[in-house]
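Both complexes shown next keep chain A, but they swap its partner, so chain B is in the first and chain C is in the second.
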Partner chain A sequence: MRAGLSAGEPRRIAILLAALLAALLAAPWVVNDYLLTVLILILYFAYTGQAWNVMMGFAGQLSLGHAIYVGLAGYVAAMLFTRLGVGPWLGLLAAIPIAAACGAIIGFLAFRFGVAGVYFAILTIAFAEFARIGFDNWGFVNASSGLFLSVKQYGHNDLWQLRGDPTMFYYVILAASALLFALCHLLMRSRVGYFWLAIREDEEAARAVGIDTFRYKMYAVMVSAAVTSFAGVFYAFFYNNLFPEQVFSISRSIEIILGPIIGGVGTLFGPILGAFVLTGLAEALSSSMSAFGLELPGATQVFYGVCLLFVVVALPDGVWPPLARRLGVTKRQR
Partner chain B sequence: MPFDVYLNVAIGGVLTGLVYGLMALGLSVIFGVVRVVNFAHGELMTIAMFIAVVSFSCFHLDPLVMLVPIAAVLFAFGYALQAALINRFITRPEYSQFLLLVALGIIVANSLLIIFGPDARAVQTAYAFDSFAVGPLIVDAAKLYAGAAAILFTVALFAFFRFTRLGTAIRACADNYTGALVVGLDVKRLYALTFGLGAACVGAAGAMLVLLIDATPMLGPSYTLLAFVIVITGGLGSMPGALVGGLLIGVTEAIAGLLFTPSVKSMFAFAILVLVLLFRPQGILGRRPA
Partner chain C sequence: MTALLSLDAVSKRFRGLLAVDHVSFAVPEGTIFAVIGPNGAGKTTLFNMIAGAMTPDEGSITFAGKPIDGLPADAVCRRGIARTFQLVRPFPALSAEDNVTIGALLNRHDVGAAQQRAQELLRRLDLFDKRHRRASALTLPDRKRLEVARALATEPRLLLLDEVMAGLRPTETDRMVAILRALNRDSGLTILLIEHVMRAVMALASRVLVLNHGTAIAEGAPEEVVRDPAVVQSYLGAEAE
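Showing the complex of A and B:
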């Protein structure tokens, strides 16, 4: 299960990583505008998938309401920007503790009272739905009519205010994804990471050897929520609009988890690979359908569903672990 | 507001709650026996709702007439699903089962979207606007029929589990999986049967629900969630608990819809869920785990 960076062959992994990073850095000079937008979407899902993976893949806590952290952070940053003129990076500083606190509340309610497994997942959905309906009826944040960021014509890219062309957004999300990858790599090999692993594999046993499981599960939720909040700020400033029905909806939460599951839960490359496979295929599908003049609103989602079904039935560990063995970047599984 | 307004709304809530209870009962039965959380529960209900809508608009068949046929179709669908797919997953980790059902749910909901489009579809029965006056109380005819049908269906299900050999066998599987295997029960077939029964419950509930709300392809997730809230509130694995939870949530939603705007009513269901998890995690009628 724990394939990826954790096991052997570091040189091949370094080469693979360097090649991937170089390709991604060079991409804006090669691809057209449409493909650049697709790449932004892929990196966005790689980022959110990686963030979700901290909770599920590392610590074994299934969250199905990650849209709540994206939405909360997006709303905090967008409100600060539109009402007070506070820039997105300062907004992010405000969004991180709010998202982490929200994660802490959900975690506390669940872990304190022994709500685990699938019931924990249901609780996370319930909170996301609670937020969706709450924001949909909250006049202060424009309720269901949504929040808009002013779109002006930019003469230059303003990185501090996150106003600019897609290329700038591309490098921002690429940098964020790379940073999160590094952070997850460190976390995985840290003391906390090994405690999480122990909890994921057998919580009773982890408690028996003296791990404060409550505390470390709380850390997992809060770290995951905190890093997810950047995705919310990015979303708000990239799309320039926020609707509760969209940002908090269950399907957003499911989109977040599809990438890492298809790629491989608990691996570092899984979320990235999954985002490329899933978003790439979905975009290919929708563009080839529109080439034939077909407009089917649910088709992409059916495609997602079939992909998910295929992976859970045929590749329960995801695409990355078998691929990693093929590439020789992991020790042979015992 | 005068008191009888509240009473009227509460009675409407009770009747809706009976239908919710039947829907949640399906989830509870499946979980209690197969130990798989049916995350496509709401989507199964939308299938039933669209069958009811189509049979009404094409053949003028009343949803209450279609109740048993729809339940039978959903039974077959559930049976096939368990036999072909879910039985292979019973030994897999929880999240894996759960993702299987999420995938099925996504496929069902969006296939319905492709076939029927995003518009809401209503069933206009002859009695849609009828009501009965009992003293100061006015009871919606459609809600009354739906509630009565839900009671009948629930009683039949309880009787099945209590008094038939098959029902007893299924309860045996739920109580002791290994024991059931040892005495020679065909557990996989009984699981398929149970999933079919659960699907039949939610199918019947769906047929009744088209009398109360419009059918749209995307109703699934929120009703799956509602069924969960009800089952957890009532007590996991407790069949009467699902009914009590359904009534509680039905009345709460109705009163909340009256006091605030109807769109916030499901927030109160979630608030109840959180309260139950805080103060009585085993649910109202659930047993404390040993």
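Showing the complex of A and C:
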């Protein structure tokens, strides 16, 4: 099931969360550089999956074009940094309203003109593709040659400029994921969260209890886009390069949604668990394959496909809901 | 008594078919009013126009002194009209309590207060012990009462019930009748019901409107209406003969 609001058993949840957070905080002392990079990737997908989940898991609006918010925000921050020397945090302040406005435009067009369900999903793909082609031909942002952020050897970590070693990036994405988790937890228990669930479950019935569904769907898209924008800024400053073909690609959008689908759409732990399962196993697979001297391009994608098939067939609600029951952290229903 | 809801010559046409033809009636505040009629008489169309799911082609609908025809469903609800659906539509994956809490949040901003109100209503509708169950796991009679609870949670002045007795066993019907009567008596809630189950109509309604082929053919107290020859012929026909 897609979990409702009754998260239940708060003490066990708190213990579980504390243990997870402690393990993640201690991780850089234990793991090697390679594993740290994998953990950064996992947390990146946990973050973007959680952000996407606000729209799909809470409000039931399927976006297959979330790469547009990542890409836009990345470009805004990278342009400000390379051209004007504006740091990433101020860049984020500029990127948030731009991403939210982009979400608002897509949402307005869809919800005002009754574009819903799969048609809405197609519209989100279309906008991401517009952005990809547009940026690919836009000289101002270096078109298809991409943007590069200067990489100098820094003697120390500069958190303000987001220049430093992977450990710093790891803690940044960990803090962001934790904050987003807390925000989603609050949203889920708020009036808006309840209204989103009502819309997800049955839009006409939601209207019948007085919910202005247009307004609340707009909130969902805008909040989701706004929080996703941080991932774009992080991406730009971590990888130090941006290419339209890469950041706006539909495969980026799909990668964002695989984690929450495998972990459990509409749950708070689903996107985190999904990111660990998917990215963790995919990395394990590719590193063990290269250890045996096997180079199979596309093996990761095949692996994603197999995971998705398995979850859809065997655990249609994702991995988290049955696991949560096993751990005794959900209120018994039925 | 002043009318809380009044319809003036309301019509709705689907292509060639005149589903509702210049229907007028008034529901006084604090009463229970029933609309009956055979299948296809236009009852649900009439209901949907009042609830804002459809816009009348002609005529006007006035609620608490203000026109409401043409308003969207959510705006109608915020004016104080709550509805149930003929084919029940609770929020399936949510618990019974969450279903009702959502209704209660319309006029409350505090989730805790809304949950408290939801629990009161669930107790009133005999659903308190099942409040943590998913709506989809409830039986049909329970889901019907859940819809009533969710509608009541929006604090309506007028409750619209679309065949809320259909599919209920006689004992369940009697229980629903008792609950609705108590609500009407205790809080002065005005109720407009569309109903097939005559047992419930006779027990509840103080006034009945009979629709046939989109037109109102009779209106009056239930005992009078069931003796009306036109009503007997068109609606109660087979059983009465």
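Quick note on the criterion: the second predicted complex is superposed on the first by the 329 of 334 C-alpha atoms of A that agree within 3 Å, B and C clash if a C-alpha of one lies under 4 Å from a C-alpha of the other, contacts with A are read in each partner's own complex, and residues count from 1 in each chain.
By definition in this document, a contact is a pair of C-beta atoms (placed from the backbone, for glycine too) under 8 Å apart; a residue touches a chain by one contact, two chains touch by 3 or more.
Since the structure is predicted, the reported quantities are computational estimates derived from the model, not experimental observations.
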| item | value |
| --- | --- |
| Touching partner for A:D33 - first (chain B), second (chain C), both, neither | neither |
| Partner chain in contact with A:L296 - chain B first, chain C second, else both or neither | first |
| First (chain B), second (chain C), both or neither touched by A:A198 | second |
| Chain B versus chain C as contact partner of A:R189, first or second or both or neither | second |
| Chain A residues touched by each partner, larger count belonging to chain B or chain C | B |
| First (chain B), second (chain C), both or neither touched by A:A208 | second |
| Residues of chain A at both interfaces, chain B in one complex, chain C in the other | none |
| Residues of chain A touching chain B in the complex | 56, 62, 109-110, 113-115, 117-119, 121-123, 125-127, 129-130, 133-134, 136-137, 250-251, 254, 261, 296-299, 301-302, 304-306, 308-309, 312-313, 316 |
| Residue ranges of chain C in contact with chain A within the complex | 51, 53, 72-74, 77-78, 82-83, 85, 89-95, 97-98, 101-103, 105-106, 109, 111, 114, 132-134, 137, 150-151, 153-154 |
| Touch list for chain A against partner chain C, complex | 1-2, 4-6, 189-191, 194-195, 197-198, 201-202, 204-213, 331-334 |
| Complex contacts: residues of chain B adjacent to chain A | 37, 85, 88, 92, 94-96, 98-100, 102-107, 109-114, 118, 217, 221-222, 225, 228-229, 232, 261, 263-264, 266-267, 270-271, 273-274, 277-278, 281 |
